[in-house]
């Protein structure tokens, strides 16, 4: 079940890779906006870099959320799965995994390059370490918002308003982790916190998301 | 014609004001992210403020674009208007005006408050002056992107990828205008450029957008 | 002429000999140009050896702009006369142009490190080229964004048309704003008589430009033929799925 | 005299030729029914008539003159172009504005000139006047459809283009619509109806789209000049 | 013996009572046709049977035991749950995976155990095997519908829930489906069909939703416990 979901999404991506690459590309674009907007003072940029990087990640992880469950909802895939298997849990888990692979992991892999352009070259590995748990959390929280707003005709904006506040703690700790390393301190504490949150969310959120989807279909 | 479009959108907004307020609210949220993400070094924040403000405006003006023409496309309003009046130009103009009123002007009006929170308190009027032509341009460019991607199943992300690069010049000059004032120079040049671009776009873009919508319907 | 090529079948016939010419041209010119650029030309008196990057960088930049301009023209043709070949040309060329732009960006920043002391500065020229790169990506993305293939091509064409405003910005940014990037020294042919750069640097530059041009022609013909073949394959599918 | 004619029209959608040499000639009072199985191009042809679809070949003319944008028509597609949040009155008022901006009412047909009475008359024609102030989202499927049909009575247009108008209509509403069609054609109007049940509408002309398809489906590379360069 | 029963079920959708005391009893071999005008609740009841809609009151039981999630059924709604970019084979392979993950094939009905032959058999049942590697976006309306119907043959389920299965089907495909239904019921299966044409499906039971509506449509405040707290 989970396997076939992931496989289908993977085939879908393979048939037009552009779609899978969009999120990382948008991330790159968003990060490049900051140097353009803040002007060319490299010193200022490097100071702001950790926060900017994470904020760019936030925005770029909001955009793909809207279509996460939409297609399967509209073409009746969710109906068929729920009625013929009785549950949406495995579907949700599979969907979350593939979503993280295409919109989370890709982001993590691009991030070091962006760190270099923002003058964090020396800390690219720490950026990677910090974004790994952060993207997992962003994907889980985002998917929850996407499930809740499924079927509203309002597009991303409502979704963004719901999800952004929930993103804030993740952002603070993730930016903090990078910042502390740059300041020469140990970033053990914030990383630990991020991983703790992730460890908490990973078992719980999929079930909650599945429940929300179920409710969306059944009423 | 234009009048009835604007009136309808206005009634729509009046019936649930939440929708109209979403864009400015998101703008506020996005701006508040920066202090949280960059840490509380006020000096750094004030230096970065102009760019951050404009970037927040950019992101918040992307989100409402997706649904700009979608509803009218899906429920056949565009079909009915085109076939019974023969043109979409007036529809487009009316739609653009109401779009700017709800997603551009509101933003401009909120901006000064945000400027204060980012430590640009002294320059709130200049922020307003700079954002006025900028939002006009953002709305026109964005509407074009929204028309071009109408009917793709990809949601906002493709739209964002198309629109963001075209936003960049606007952002540079808008941020520049605020920056120069803060640096004590005259920001006449960038403001002039913004208004020049707006003056160029206002007559041309609506016609192009109408043409794109027309082709979207007729193929 | 356009109408001669407009028919895909005739294009396939006519393009074969052209393909040979451009192939051989690319081979010879690039070998000759590389020899001149790397061995046959003197180092710059203040940039020393790094100047040799110019012979890769500048033609790439020119081709990037040429590709986009040709795409914009094709877009106009496609929107006005609905010649499928023009639409397919956009599809075929967008990735090529993106590659040339990427080469320009990469070599540029490699060159920038020794000369400007930084990989990247946010001046008008560099930014506008970066925008060009993203425009190419946007066109590629739009080319199969819709279920309906004609829609995809038309949408991509419209984006090409809008993006043309970026061309003069790239070209004249160095003159309008005071950028780190040096102004064009070949902006007019009158200057080729007494160009701003020495003849023994000009020759390899022009030869390399010729090589890039041939390479572009080769890629264009091959990719356009591929697009036509893909269309035929798709049509075969439509034919059988209609049954 | 024939009012609305099309000569060997060709339609290519997504590379597939839907129909290639289709012609029709309608004069005042005609009702043309478009029939045929799914996917044979009923909607496509109807959109073409309403100027909502490019045709790759052929010509259409209205009253002798070739059609540039679209003939003076009412378009009634599969969806209802009505806003769920707005009341019935506001929805119709919007459409009244759109229709009258393009061309003024002509004394011959539009008895009432002022807005309110025109809207009221349209609502009564579909007897949904009692729902005047109800937002559309509370309407049932059939009532939505009726509200959509009411648009036909806001402003007189000689040509009605209806795509499966019967969907979602209960029996008596069908009767109302049939009567309205009769009245429309009596006053010299034309109606084209894409339907699965031609008998229902007293159509005096019938165009079976199945016959329009070629025996062997051709597929063409060129989007323009469909018929010349098949591969 | 009756296999699938529902007793005085009640459905309330956004405040409006669709039906209130609806009961049905189906035993192996039955075909139940749900008929009635639009908006009377055919789809609602069907969704309820498939566990796709909460019911405010009443009970449903399968084979004696009350239904918790959903009975062992195939759901065939109005849309086709197929991905346009994937080939027919990949689409069916996906559904094979979903169906078999929930419950293994039982030797009684699923003759073939291995995946490939099962998918091939399903495609041949709807004779679209020649489109095996074609992406779905090239399919016509009818072919998409056939591909969707092929899902019914990937894995045996005793209960088929079909919402207007005839839409978009050409004549011979209808015949194929009718034959398949016959075969299904002969082997002790049940089918419930929401349709506007009960005659087509040789239904031996018919449930007219119009009769289920109350004479005066009541509207209730509470969505839960519909029947108790009417206002």
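Think of it as A, B, C, D and E in the order they're written, each chain with its own count starting at 1.
Just so we're on the same page, contacts are C-beta pairs under 8 Å (C-beta built on N, C-alpha and C of every residue); 3 or more make two chains touch, one makes a residue touch a chain.
Because the structure is a prediction, the values reported are computed rather than measured.
*Asks:* Out of curiosity, which chains are bumping into both chain D and chain E?
*Replies:* C
*Asks:* Please report the smallest number of touch steps linking chain A to chain D.
*Replies:* Minimum step count, chain A to chain D: 2.
*Asks:* Report the inter-centroid distance (CA atoms only) between chain C and chain D in whole Å.
*Replies:* 48
*Asks:* In whole angstrom, what separates the CA-based centres of chain A and chain E?
*Replies:* Roughly 36 Å separates the two chain centres.
*Asks:* Indicate the whole-number Å distance between the mean C-alpha point of chain C and the mean C-alpha point of chain E.
*Replies:* So the centroids are 56 Å from each other.
*Asks:* Hey, what residues on chain A touch two or more of the other chains?
*Replies:* In chain A, the residues touching two or more other chains are 16, 22, 25, 29, 36, 39, 71.
*Asks:* Residue numbers in chain C touching 2 or more other chains?
*Replies:* Answer for chain C, listing residues that touch two or more other chains: 127, 134, 137, 141, 147-148, 150, 234, 238, 242-243.
*Asks:* In chain D, which residues are in touch with two or more of the other chains?
*Replies:* Not one residue in chain D touches at least two other chains.
*Asks:* All pairs of touching chains?
*Replies:* A-B, A-C, A-E, B-C, B-D, C-D, C-E, D-E
*Asks:* Within their complex, state which residues of chain D touch chain B.
*Replies:* Touching chain B: residues 47, 50-54, 68-70, 73-75, 77-83, 85-86, 90, 93-99, 101-102, 135, 151, 157, 161 of chain D.
*Asks:* Show which residues of chain E lie in contact with chain D when the two form their complex.
*Replies:* Of all residues in chain E, those touching chain D are 37-39, 140-142, 167-171.
*Asks:* Can you list the chain B residues touching chain A in their complex?
*Replies:* Answer in residue numbers: 19, 22-23, 25-26, 29-30, 33-34, 36-39, 41, 44, 47-48, 50-52, 54-55, 58-59, 63-64, 66-67, 70-71, 153-158, 160-161, 164-165, 168, 171-172, 175-176, 179.
*Asks:* Quick one: which bits of chain C touch chain B in the complex? Just the residue numbers, please.
*Replies:* 79, 127, 131, 134-135, 137-138, 141-142, 145-146, 148, 150-151, 154-155, 158-159, 162-163, 169
*Asks:* Which chain B residues qualify as touching chain D in the complex?
*Replies:* 1, 3-4, 7-8, 11-12, 15-16, 71-72, 74-77, 79-87, 90, 217-219
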